[in-house]
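Same chain, two partners: chain A is paired with chain B first, then with chain C.
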Partner chain A sequence: MNNEKLNTIEATFLVVIITLTHIILNLSNSILKSTGSSAIINVLYCSFLTLVFFFILNKLFKPFPSKDIIDVSEYVGGKPLKFITNLIYSVYLIFVSGTLILNFSELLRLIYFQNAWTPLIILIFILSAVIVNKLGFKNIVKVNTLIIFVVLVTVVIIFGASLDKVEFQRVFPVLGYGFKETFVTGALNIFSFGGLILLYLIRPNLKEQKKYKTVGIVSILLSSVYLLLSVASLLFLFPFLTTGTETLSVYMSTRAIEFGKFFERADALFILVWIFTFLSYLSIIISYITKMNKKVFNVKNSSPIIYLVALIIFFVTLIPKDSSQIIFLETTVYKYAALAVVFVYSFLILLIGYIKRTGVKVKQIKNNKKLDLGGDVENN
Partner chain B sequence: MSFFKNLVQSLFQDEVDSDSSFVLPEVNPEAENKLQPEDLLKNKNVYPSIDVNLEYINARFNSLINSDIKIREFLIHVRNKQYKAFIIYIDGMSDNDSINDFILKPLMLKNNANSYDGPQIISEAIANNISVRRVKKFNVSDYIMECLLPQNDVKRENSFDNIADSVVSGNCILFVDTLDYVFDISTKKYETRSIGEPKNEPIIRGSQEAFVENLRTNTSMLRRNLSNENLVIENLTIGNVDKNKCAVCYLKNIANADLVAEVKYRLNNIDVDYCLSVGELEQFIKDDIDTTLPEAVQTERVDRATSYLLQGRVVIVYNGCPYVLVVPITIFDFLKSQEDTNINYVAANLLKIIRAISFVITLLLPSLYIAISTYHSELLPTDLLFSIVSSRSSVPFMIIIEILIMEVSFEIIREAGLRVASPMGQTVGIVGTIVLGQAAVDASIVSPILIIIVAITGITSFAVLDISLSFHLRIARFAYTILGALAGFLGIAVGLFIHLAILCSLKSFGVPYLAPYAPLNVKSSSKYLLKPAWKREYRDDYLASKRPRSQSKISLKWRNKTE
Partner chain C sequence: MKARNFLIGVLVLVIIGFSISNSSAINTIDELAYVVAIGFDVGDNSDLKISFQINMPTSASSSSSSEGSSSGGSSSEEGSTSVVNTVECNSFDVGVSLLNSYLSKKVNMAHCKYLIFSEELASQGIGDYIYSLKNNVEVRPTANILISKCSAQYFLENSKPIIDEVATKYFGLETSSEKNTSYTEAINLKDFFCDLSDTFGSPYAILGSVNELESDNVGNSNPTLDDNSYVAKESEKSSQNNIENLGLAIFKEDKLVGELSGLETIVHLMLCNNFQNATVNIPSPFNDTDYISLYIYSAKSKNSVSIVNGSPYIKCDVSLKMRLLTSSEKSNYMDEENRKLIEDYTNSYFGAHINNYLYKTSKELNCDVCTFGQYAVSNFLTWGDWVEYDWLNRYQTSFFNSSVNSKLTSGYLLMETNS
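Then we have the complex of A and B:
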């Protein structure tokens, strides 16, 4: 098991890749649509809220060293709650990953493989993730750590390369659709940090428990920076009111980039890097679903769970009938599912667990004091 | 007349099978070894009777039919007494002069040493006119060992298995009547190739010594290059039938003890009849047996092996092979040249970057070409795209077929050039590449741009120094080409992702194959690019060596002017 322990960098990148994958697709577009020209302020605001949320989360996790949300659920509500939490998490992760892969595969089909069958592209992704999962969790983490640098660099390149075309006045009006849309309803955009779900699961894998806080803060900050860059490049490049495209928001930015006369269009290179991101993302998700279920059902061999999870994800991708359903799933359903699972349900479980644990501790201290006093009286 | 007779006979007579009727019986390919009569002779010890020993030796060494097994019977003179004795050695593997002058002469000829029969008084005391003398007890074996064998390397042995090993390695064995052990005398001398220049790892500056086939010569070269008493050279035997010697070399004060133990454990637990080379040996001891990637460096350079020893790695020298194995390694070791440390670090790093680029080109260029020209043509400048399209217009094949034709042809030319005699090899290369290449373009079998792609790939593959890694790249290149043809960048990315995961899963004697990048160790001292010579303060941290530091913090003490 020690082989599966992660150092701080590996754990941080694991969390970041989940958020980055969402950014690559429609996250920035979704934020832009809901807040208008105040998207940048909204991202900064949501990042701040997420940081505050994480500080509370870290505090709540303190009485549970090396425990993940599944263990805390068991502590709170016994095995039934453990099963329920596992089910909620598994369904959520399968649904989100299925939707994302479907969306990205559809994008690939539209751009490069017009004659191909989308499920075939999805199958390529899922099969690759299964093969890599068979090689072990630690190897997925290692590959993720290697490729994330390239992914992060591409986001910076997209922003940097489009600088000559940006119009900074598009940031006005500063408050976009208004104060309420930016700071009240806009607070719901905290769902952009739905990738933080891994922070609930990653604790048993950490080499040093003390670094959990660092992992959380750095991953939130990195995700914020990249979300900010992608939102900024979209906002400054295209008038937000005219960004009617529902998919490929960051891809739109890449198409606007020109690298001199030789590379007239370099968007295929970005797609290449994003394929890596999605492969890594899918592998991590399958790996964590397998880990959770292995733990809950006390299974020794993880291979059957890997196959089963992969199969379910594949079937989930077959559910949406058209693009509008995919977009609805990705923008609306995902938004509220992320808020419900990551920011409400898990938080409540932790809160109850924390109260229960501290309550038990207070009781123990009181009992000890009583015993001490009793002893003193007897001694007297 | 006889001609016509023969003609008629040959026309009307059935063909007679003139070939030999000898055939070997069919056996089950998975049959277990049966006990042979020779096996009954094993695990025996020397008998006190010389006649029994002689009979046993004759049977074991088949000396009646073996022409080079020499057995010489004679009488030994020991303090004027005679003992029956015989020696056994292999002609051509032992030094005849040494046997004659330093074994047979002192033992057979009468001289002061063997004819003296006086009392050997150790001490004498006289008390009350009675003299008490302590006389040394006479022991034939000790006497022969101490007085009659003027040799530097003699040991007693009583197991016939060990005796057999010594004889086949060139030693001379002396049997003496009444003794239940023998004298194993080192008399090895056989023709070997002299030390030459490295043929496959040439460098411009630096040592020009290469290993040879002889184990002892190789270990002596290591000793000469590495002047430290902590260099340990442990001998092991590999193989049940061909008991070949191999030496495990390491620096006791630097190499990790667990690593050394693991290497010895693996080598000691290879149950095979024979192992003929280090290449074969590597396959027996590697961690991941299914991968085509090498997990040990094979080098013919003495200085390279020495530098690895100094880092804390283990070098395995194998008798009969002019290459040594170095373990553990990472993939980046295959992109290193001994030249790198001999030149300025900036130039060395430039070379290293070029090698890394060559690595990527060798692996991916054909697949990238096919992916870009088929699926992602928008990446190319319009002029170049037109040029490619027009050059391909007369080619009747699909681009994947075109690439496979050229790749397979190139591999055939390379293999043929390598296997034929060296003067012919050049001709094959010239005819294959220039003449056939040009003809293929003229005949519109392939496009000129593809010739360029395959040529660049071929040339860059030579910049990847290690031949085992080069084989892996060649195999992987075919896979990437097919993936690129099937799904463009998607196929290549999927291939790369799985390939990377496989690389991450590999280990060489406990060291991750992509160390220190996967798992990522930011603080690691052993990065791919070289630091200046005076700043290489630490050994590779993933080796967990006993002396992590190889230089003091300020190695150039002479620059410290304050002192």
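Then we have the complex of A and C:
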């Protein structure tokens, strides 16, 4: 079990990969479409809100050292709530990962394998993720740490390589579609930090509990920086994104990159890196769903759960009929699902748990005081 | 352990199955015909006539130029590295399918360097074609957009590499010549598409033609023009057919409305801060009948736009750095007084041309090709206000204030020939 303990960097990168995979697909595009030219201000604003949210989260988690959201649910509502939380988390993670893998596989099919059957591409991802899971959690984490470094470099390259073509005036008009769209309805764009879901689950895996705060802050800041770079490069490079419908926007920007006359088609290299990213992402998701269910159902052998989860994810990918449904699921449904699960439901469970725990503590202190007072009276 | 091995086995089988399936087999190099340039013309019987210049493998580089669909074929000279096939159709994608139907290989456009539209088609509007091309995964956003003064088919059939053997390399070098001359600007599909869907400025493309001997497609050279004031087809006749990219084709929305000459393009690049270097002739301050040649190696323009009484007030302060190329007997151009005189002449020469350019693009063409909209937008707080202002149509009401500040830094080897 000690083998599964994570150091600060490993834990941080686990959280970051969730945001990164969404950035690679249509997350930045979705922010641009909802806010227009104020997308950069909106990302900064949402990053600030997420940081504030995490500080509260950290405070609420304080009375539950080494406990994750499943344990807190059990404390709050007993086994029924524990099952419900597990169900909500499992369904959410399966749905999100399924949609994401489907979208990415569609991208691969569109670009390279136009006559291929998409489920076959998905199957390669899922089978690989199952095998990786059989190799153990620690291996997934170590590979993920390596991959994240490469992905982060690619995001910086995409931004850096397009610097000579960018028009910084595209940040104007500063308020984009308006104040309300930037700061009121725009606040809903904190769904971009849906990767925070792992911060509810990661606590039992941390080597040092006191590093939880560092993991949270660094992962949010890293995600913010990369979201900002990605949104900025799209905003400065592609004016039509704010007005039209464009899928695979980050891929579009990689196609526009040229390193002199020698390296002209760098997009294939980016796609290769992203394939590893999505594989790592899927492995982590399957691994955490397995961990939760193992804990809830008290199962020793994780293999059946891994197979079952992989199979369900595969079935989920077969549900959408066309690209418009995939985009609807990825942008609209995912947005509200992330807000509901990560920012509302889990937060409420924690809040109730915190109140209950502190309430019990206060009662205990009062009782202790009463006992002390009773003893004093008797002594007198 | 057994389960893991089983899974690895299954994965290997799936990957092998995938790799030998139809999806990947069809994409081998032997199966593909690489298109290096695509030409779009108005069709005789259909909406569109598309010409594909296809690179020939070295072993198969015998000549041929054929017309598909209903037209007959014609031959071209021996040893050609590419062939031109033309199809008549109603849309780009159908054109590709038609070409595929009679080629033994699958057409692939991943190496396409040039997208050429004839002047006639561009005047009718090319928006739909640009959107279709942008939607195509194979066509690179870095493919250059060129508006041909002659028909696109003629352009492709008569453009022959003089120095290069490979057509793709030839096209690549053709567009990079703008870095040495500043007579045009390399505009690619991504740039054109962005401008087309933008609210900050209007789209423009490379203006080109085939410069050849004894053809009615060649424009007459005009003796009254400045060296730099040519547009494509107007420069001196060369002894061989060759692509000539000179000037810019200006669009209002997706329709061609005008063109910029070589000198206007130099001014355009200066104002847009995309200028690299250029050699320009200006009237000599020392002799009315002479010209002096300047090598301008740096041009920066400080642009600002403010809204005065509802109309845009555009201010451009251009700074130039240059060297003197001209030398003659008994000259001392680097003398402080002469230097000042040359700088003043340069300021007034470019000042006049900048004003001409600004008034031509605003009053005559009503196309903000310099994207002044990006400076104007900072005067607005929300996107709604900006869209309501309707910049692209308000540009016509602009008034300008331009100034040029040139700095003659040096001559070349001969600094003084007074002795």
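Note that the second predicted complex is superposed on the first by the 374 of 380 C-alpha atoms of A that agree within 3 Å, B and C clash if a C-alpha of one lies under 4 Å from a C-alpha of the other, contacts with A are read in each partner's own complex, and residues count from 1 in each chain.
Methods note: a residue touches a chain if its C-beta (ideal position, glycine included) is under 8 Å from a C-beta of that chain, and two chains touch if they have at least 3 such contacts.
It should be emphasised that the depicted structure is a prediction, and the values quoted were computed from it without experimental measurement.
Undergrad: If you stack the two complexes on chain A, which partner ends up touching A:131: first (chain B), second (chain C), both, or neither?
TA: After superposing on A, A:131 lies in contact with both chain B and chain C.
Undergrad: So in the superposed three-chain picture, is A:174 touching just chain B, just chain C, both, or none of them (first/second/both/neither)?
TA: second
Undergrad: Given the touch rule stated above, what does A:340 touch, chain B (first), chain C (second), both, or neither?
TA: In the superposition, A:340 contacts neither chain B nor chain C.
Undergrad: Does chain B (first) or chain C (second) touch A:268, or do both, or does neither?
TA: first
Undergrad: For A:36 in the superposed arrangement: first (chain B), second (chain C), both or neither?
TA: second
Undergrad: Looking at A:146 after the superposition, I want to know if it touches chain B, chain C, both of them or none. Which is it: first, second, both, neither?
TA: In the superposed model, A:146 contacts chain B only, not chain C.
Undergrad: Classify the contacts of A:161 with the two partner chains as first (chain B alone), second (chain C alone), both, or neither.
TA: neither
Undergrad: Looking at the overlay, does A:351 come into contact with chain B only (first), chain C only (second), both, or neither?
TA: It touches nothing on chain B or chain C.
Undergrad: Taking the superposition on A as described, I'd like to know which of chain B and chain C A:312 touches: first, second, both or neither.
TA: neither
Undergrad: Same chain A residues contacting chain B and chain C, which ones?
TA: Touching chain B in the first complex and chain C in the second, residues 112-113, 121, 124, 128, 131, 135, 261, 264-265 of chain A appear in both lists.
Undergrad: Provide the residue numbers of chain C that touch chain A in the complex, in ascending order.
TA: 3-4, 7-8, 10-11, 14-15, 17-18, 21-24, 26-27, 110, 137, 140-142, 172, 176, 190, 193-194, 197-200, 371, 374-375, 377-378, 380-386
Undergrad: For chain B, which residues count as touching chain A in their complex?
TA: Interface residues on the chain B side: 372, 375-376, 378-379, 381-382, 487-494, 496-498, 500-502, 504-505, 512, 514, 517-520, 522.
Undergrad: Within the complex, which stretch of chain A touches chain C?
TA: 36-37, 110-117, 120-121, 123-124, 127-128, 130-131, 134-135, 167, 169-170, 172-179, 237-240, 242-244, 252, 255-256, 258, 261, 264-265, 303
Undergrad: If you look only at chain A, which of its residues touch chain B in the complex?
TA: It is residues 7, 9-10, 108, 112-113, 121, 124-125, 128, 131-132, 135-136, 138-143, 145-147, 261-269, 271-272, 275-276, 279-280 of chain A that touch chain B.
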